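Below are structures written as structure tokens.
There are two complexes below, and they share subunit A, which is joined by subunit B in the first and by subunit C in the second.
What follows is the complex of A and B.
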């Protein structure tokens, strides 16, 4: 079984526990293993937008250096961690950026031994394992559950660096849902903003943004929404808790887990708001 | 400025009299240094340069002049050849692509063989790219010295002349190809006109009315298509594609693939009964997917030729072996299901490439909802909705439910001026056709509201700005800002845009959205250009020989350009360019023979062992190994003189006339 160095990040140990647990267990069902990197630190959370931001890159550089000692790939799951680590890795390894790269490396004790390829879990499924192999492992097809795949802003932008999917119309989660036996629905707001951290101080803005996303998914006939970002999940799911009849919001790993035969207690459904168990039962998935 | 007042100087400040070499076998070289105003003289220190050259052995005379290309400048060279008894000339000036011919002709007039005149390019390769004046002067000296080594080795050559086959091939029968074909044919020369679609007219046949005069596109196009179809000098080959070209300017051999039509055009009368009885369904590109066509089809009622073809992919008989309705009802027995592709060979002297454009696939603009929202269509689809011969007979009805849209948002620059989608260029026609479409929409739907989201409105054409004014006067709303997202909400189409003049985001509710999608080079044309080794730019548009001065020629002699295959352009410009291409072909046909540079490859048969390296290296199929003699043979008419074979030849049998190994080594030694 292929082993991948795995970087969970802080949220996956707290609010987004279900994203993490399902991912690890589902991986083993699909045929690869996530080996958690020892003593990882903060990813740097949200890529620093200023031009002179070297210091802000040091955290991620340490993670990448540690990963480089363990292998040449690093698998991530949280969309924010993925975005930060991938972009810092790009800065480290980009031709023509050697001076800055060397400066960054001098800040950390760990030696950056080789270029590390930062892969999102979805990239592993799509490009390393392959959809055909994933499909073979599906024991419980999702029974034409109509799923709207919601990617948010961080997964596929900026295009130049996170280039594994179309930033305006990403498709990788839709493809996965199809492989799992669900029916990906058309959806206009795949990559619109969920409100992000505005949920902290401008709850109304975040609520409005999330509302548009869920309404649109519902208008297209979706039964549920899937996401890979803990913050998106939080915003959408929180809103759902406040609104009657809003769609349930799952992590894609939860639906993957169901399809490859994880038990109900392994899905972390207690973290979802409302009655996810009732919903899944009504669809014949539990 | 050096030597400003002395327009014609004698030998520079070096030796005061020209060096006369008593040995007549040693060439007498004259060096003429052009100031090119300040282009060269402002950087290269010409007096110093002349002093250096003056002491160079073998240089008989050096002169400089402010503009050597002027009449007095040429006269100076001609006089010097006579009075100084020169037998070699170097003009140190601009690139040989500009004035080599000028100076070689001047030398020829003075009795010198023109191929013993060489250009030392000290402008583009020295003055323009070197800041330091001393370095530039050194570099210019080196360039002149190396050129001197070459010119001393130059042999007198005679230009090769070849006969011209005065027949033209025109590829593509849109308005560009039609115009070029008619112009050439009306001058009395035969034209083979090849069109990949079943009938001619191209995109212009799809259009409703044309800006800025609003004349009906069909009405102005069909006289041309009819004339083309009936012209005794035009051999029309529709549903055909140019496969390959061999030969050279004046004498091309072309192979044309005539696609299987399953309809015999000789016996078909064009009655159209088959069209009524066909149950097959075909995605109609002509109707932009608004309606489905039949498997046996013609593009439009005024089609030239007015005969249908069968689309093999959607024909029930050809795919499943059942049906056969068309054959049953055809009164003349013109349907032949066993038809196959045929290859036809033609011989022509010139080729006009008029391969046209396509619209960018807007589904690739992920946020514009194309494919997701049925009421988001592109400009050509809207033309079909406006057209009297279109699927709605000219009534504006939206695709989803056939309702008359009361609000339409037109989106400009959908893909154009957007480097993230690989099209940083302006598609040029969209500002005007969008204004036209909005005006026509308002004519059809009086209470309709048209909003145009634009980045800039560009109206550089005769009557264009006035037409734009008319659009705004008609109550069409112009919103300056790019559209970020288009999606469906209920039965409405929502458009997120910006109003940058008011500095706010806007959400527009529309019944229908029309995208002015980017114009791209026709992919079939791009593939053809690659096969023909015709130059294309990074976007697939064919490249003209010179962007300003040779706009319809290509760098491959005998290939000419017309229409949108060379870049986005509107109908008047396309027609003008097509006539220009035709004029170039006719200018060529006005000669009895064509001249070809004699600086070609040549084989020393004593040395050649027939290994064939040269044949494999040659990009022009000019070198072949003669199996009888087992020696390489050069077809001088095909040879472009690139020298690749001479480099590849392991034995040194292959050389390049006037660029022999000896000359090149001496040029290197001259540094």
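What follows is the complex of A and C.
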């Protein structure tokens, strides 16, 4: 079984435990293992775009240096960690940026041994394992569940650095949902901003942005929405009023977990709002 | 978002940067990068908003005060949001 160095980040250890647990267990069902990087530290949570504030990059640089001592890849799951680590890795390894890169490396004790490829879990599934292999491991197809895949901003932009997918119409998660037996829906707001961290001091802004996203998913006939970021998940799932017909919001790893045969107690559904268990039972998935 | 990115750029072109610096809009930009991705002239407004915020933060003025966070919010909201909000909006 191929092993990958894995960076969970702070939120996956606490408020987004279900994203992390399902991912680890589903990986082993699919045929790879996430090995948590020892003594990781905060990724910084958001990329600092001011070019002179090098101190803001020290946290991610240390994580990348530690990862480089263990191998040449680092797997992430939280969209925010992925965005920060990938963009800082780009600053370290980009040709022409050697002076700044050397300066950044002097801030940490750990030696940056080699360029580290920062891979999102979805990229591992698609490019390292392959959709055909993932499909072979599906024991419980998702029964044509209509799923709107929500990517948000951090997975896809800036496109030149993230080089993940189309920055406005990404497809990776839709492809995964199809492989798992679900039916991806059209979704115009799949890469719009949910308001992100503005929830801290401008809850109204995050709530309004998130509601538009959910309304669009519903308008295209989705049964459920999937996310890959703890903050998107929070803004979409927890800020709204839970009225009749409110769409359930899951982490993509929860649906992956169901499809590859994880048990109900391994899905962390107690963290989703509404009645996710009732919903999944009504669709014959539990 | 007031001003929206297009109006913000116009203010800068007209030499009215102080209006942008005093606006709410620069704090409403969460760096989602949609505008820069769509801009046919490759204007990176998210970076300009970041620069405006940096000018204000470096004069030791915070926009978000950690002491105003309520206990229920602290309990519920993912911690990545707090780190991000404080990094973007406080000194």
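By definition in this document, the second predicted complex is superposed on the first by the 281 of 286 C-alpha atoms of A that agree within 3 Å, B and C clash if a C-alpha of one lies under 4 Å from a C-alpha of the other, contacts with A are read in each partner's own complex, and residues count from 1 in each chain.
Methods note: a contact is a pair of C-beta atoms (placed from the backbone, for glycine too) under 8 Å apart; a residue touches a chain by one contact, two chains touch by 3 or more.
A quick note: this is a predicted structure, and the numbers were derived from the prediction, not measured.
By the touch criterion defined above, A:167 lies against subunit B and subunit C together after alignment on the C-alpha atoms of chain A.
After overlaying the two complexes on the shared chain, residue contacts for A:159 are found with subunit B and with subunit C alike. Once the two complexes are overlaid on the shared chain, A:205 sits against subunit C while remaining clear of subunit B. Comparing subunit B with subunit C, more residues of subunit A are touched by C. Contacts of A:186 after superposition on the shared chain: subunit B is touched, whereas subunit C is not.
In the superposed model, A:122 makes contact with neither subunit B nor subunit C. Of the two partner chains placed by superposition, A:30 touches none, neither subunit B nor subunit C. By the touch criterion stated above, A:197 is placed in contact with subunit C alone, subunit B being left untouched. When the shared chain is aligned, subunit B comes close enough to touch A:216, but subunit C does not. Of the residues of subunit A, those at positions 159, 167-168, 191-192 touch subunit B in one of the two structures and subunit C in the other. Touching subunit A in their complex are the following residues of subunit C: 28, 30-34, 36-38, 46-47, 50-51, 54, 63-64, 68-69, 73, 76-85, 87-89. Of all the residues in subunit A, the ones that touch subunit B in their complex are 159, 166-170, 186, 188-189, 191-192, 216, 219. Touching subunit A in their complex are the following residues of subunit B: 365-367, 369, 372, 420, 485, 487-490.
On the subunit A side of its complex with subunit C, the touching residues are 9-11, 14-16, 42, 44-50, 53, 56, 78, 80, 152-153, 157-159, 167-168, 191-193, 195-202, 205, 230-231, 234, 238.
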